[in-house]
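Look for subunit A in each of the two complexes below; its partner is subunit B in the first and subunit C in the second.
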Partner chain A sequence: MAGFSDLNIPQGPDKKSMQGLLETAAHLGYSAVALNHVIDFKEKKQEIIKPVSPSELFPSLPVVQGTSKRIKVLTRLTLVISDPSHCNLLRSTSPNIRLYDIIAVFPKTEKLFHIACTTLDVDLVCINVTEKLPFYFRRPPVNVAIDRGIYFELLYTPAIKDSTMRRYTISNAISLMQICKGKNIVVSSAAERPLELRGPYDVANLGLLFGLSEGEAKAAVSTNCRAAMLHGETRKSACGIVYTLKKPRKVEEEETLPACKKAKTQA
Partner chain B sequence: MALSEQAGAAASFERRVLRSAGEHHYLRVRLELPDGGARPNVAQFKQLVVSALKELHGEVGAALPVDVLTYEEKTLSAILRVVSSGLVKLWSALTLLGFYQNRRCAFRVLQTSPFLLALAGNSRELVLD
Partner chain C sequence: VPDAALRCRYVLCEVVSEDPRCRQCIEDRAVGLAVRDAIGRVHGDFGLACCSISFTVKYLNAYTGTVLLRCRKDSYRLLCSALPFVRQLESRNQRYPCFLNTLHVGGTIRTCQKFLIEYNRRQLLMLLQSCTNEEERRCVQKSLLSCSLTEEQCLSGNEDDDDDGTDTD
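And then the complex of A and B:
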């Protein structure tokens, strides 16, 4: 079973508040989080900096509740693209971009949404949840994105902060569900304070409100997040990745026989 | 002989199937507030829950039968009972509640179950590996 993950913890300058967020996330049961670094091209001269290594930032990571493992911290880059020229950066395979574990784009127009879904080498496409959708989702780009293993990201913290944004969050989510039919959805937080984080089961329940089924809602905080992480990992390798898992061996074959068979051999 | 043994083994188990699902669901919740400041008493707590329901689901949500079975003011933890059909509504309303008296707050849903007795222990707090 894939553990729960939250793929959007905004990276702030304050180390102490980041530590608090991580501790809360671990306590709530998230086994992996991604520190998000946002670059908005509208603002002047945004340099893509090297990702801050999590081990440098946090000397001791908190232990995930219910397990004895420590929380896994990834790095994520989000590019807010409002002009087609911004995509060149992703195509030119800048060395600093390759260092991030997950790459997400936030398309502002329908054309850019189409480009992001069909051609860009990204893992996540962010869906606007703070204002009315500037465009309608169309089936062809969404289907291509699902085939390519790109996930759509919905945020829930704006819905906690403000009732107008809550309305937009739910309405935009429902209109996305009509097109993608609940496939390839990731729900993450973007929480700046520990009190804005919610537990994974709460978030899965929130998915029901967005029009997901129970299974899809749980996948949106667990397996889909893992798939997005692995998709990001394939970018670093030549063609793919394989994980192997050691299977526990059966102790004794004799003991595992069903009771009725045993009875027959005795008689 | 084998047959009789099988029959004997079968007789020692009784299979019970609950066809109609339970009427209610129970939630153990904890309200998280920043340190200092007012803490709600049980009436204010119930009001907070109802106002959260009303904010997200409107009048229909506010009319949902929800009971506060126990409430401990010291730890701000409570056990809520809700009709099963309203579980998702109540849970989502609690999740999306962000403010108590203009201060940030968060509801942590610790456990949910259709059986009140199941809230006596929490398997998620066990360390298994």
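And then the complex of A and C:
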């Protein structure tokens, strides 16, 4: 069975607090987390730096509750785009981008949402949960995104912190559900402190509030995350053909299965 | 076997906090109030009214931070979806930030007990691995060996109003 994952733990400057977050996540039963580095192009010229190396940052990773494995730490890059020119960075073959395990994009306008779903090479599309949606979702780009194996991310920490945010989160989530029918959803925390995290069972229950069914809600914390991670891996390795990791035998096995099936067989 | 309408659900949770003094707040009233408050905030008056039927804090263990809640089967979803919104416990004018981690939902106290014993055993095992001296090791090993279902006398008590239902999701 795919373990539980939290694909959004913002990368903070304090190593000790990051370690605390990892330990809480491991205690709650998350097998994998992704450290998120956010780049907002609205601010002055931003450069994409190389991702931090989790093994350097965390000399000892905690063991996941209920298993005997250590928690897996991935690197993720989120690009907040508010203008079509920002997409050029993604299209260019910047070497640093390829080093991240997961690439996410946060489109701020309807046009950019359309571009992100249909053409951009990303794994996750972030859905705004802290303010009223500036645009309505339409079926065509959402369906294209689902076919391409892209997942939509909903955050839950704002809803827990504030009642107005809760309303925006629930409205935005439900309006997405009506279009995508609960498919391809990932729920993550964006927790900056350990007390903002919630266990996977509880996050799945939050999914019910967001309009997901029980099965879809559980998938949003487990199998869908796994699939998004795999999508990132195929992107990294140039369509699953070239693997720079020392696992030559696995390459052939990975190639023959399409991304959605991989998530199930990876169990 | 009691009426189907009176079936209950038992929700087993763990209180997670950063401040060890939070344990002082782990008592019936404080926990019950925090949970009810969260239900009211998320589901409004309707939710609070539904969940109050047969709602009670059935068991607490301040040392391990374990809490067992009971509610009607019809409203357990309202309860469970509100639990993530508990952010602090308050007792005797002291409040400490924390959250609840849902461990298990069962139809009877017994199923939750069995789960808890297994869970505690796993925690002890992990503790064993991080023991730094022989004395600690022996204490933990002794606790491990005493983990069994026969120690349930403390919990079996008011089971008359509870059913014999099967485990849920």
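In this text, the second predicted complex is superposed on the first by the 239 of 267 C-alpha atoms of A that agree within 3 Å, B and C clash if a C-alpha of one lies under 4 Å from a C-alpha of the other, contacts with A are read in each partner's own complex, and residues count from 1 in each chain.
Simple rule for what comes next: a residue touches a chain if its C-beta (ideal position, glycine included) is under 8 Å from a C-beta of that chain, and two chains touch if they have at least 3 such contacts.
Treat the numbers as computed from the prediction; the structure is a model and nothing was measured.
Applying the stated clash criterion after superposition on subunit A shows that subunit B and subunit C collide.
In the overlay built on the shared chain, the residue A:Leu206 is in contact with subunit B and with subunit C.
Once chain A of one complex is fitted onto chain A of the other, the partner contacts of A:Gln65 extend to both subunit B and subunit C.
Once chain A of one complex is fitted onto chain A of the other, the partner contacts of A:Arg166 extend to both subunit B and subunit C. Counted by residues of subunit A touched, the larger count belongs to B, out of subunit B and subunit C. Judged by the touch definition given at the top, the superposed model places A:Pro10 against neither subunit B nor subunit C.
In the superposition on chain A, the residues of subunit A contacted by subunit B and by subunit C overlap at 28, 65-66, 156, 160, 163, 166, 195, 197-199, 201-203, 205-206, 208-209. Residues 1-2, 5-6, 9, 32, 34, 55-56, 88, 91-92, 94-98, 104-106, 108-109, 124-129 of subunit B are the ones touching subunit A in the complex. Chain contact summary for the complex, subunit A toward subunit C: residues 24, 27-28, 63, 65-66, 156, 160, 163, 166, 194-195, 197-199, 201-203, 205-206, 208-209, 214.
Listing the residues of subunit C that touch subunit A in their complex gives 16-18, 41-42, 77, 80-81, 83-85, 87, 97-103, 122, 126, 169.
Chain contact summary for the complex, subunit A toward subunit B: residues 28-29, 65-68, 156, 159-161, 163, 166, 193, 195-199, 201-203, 205-206, 208-209, 259-260, 263-264, 266-267.
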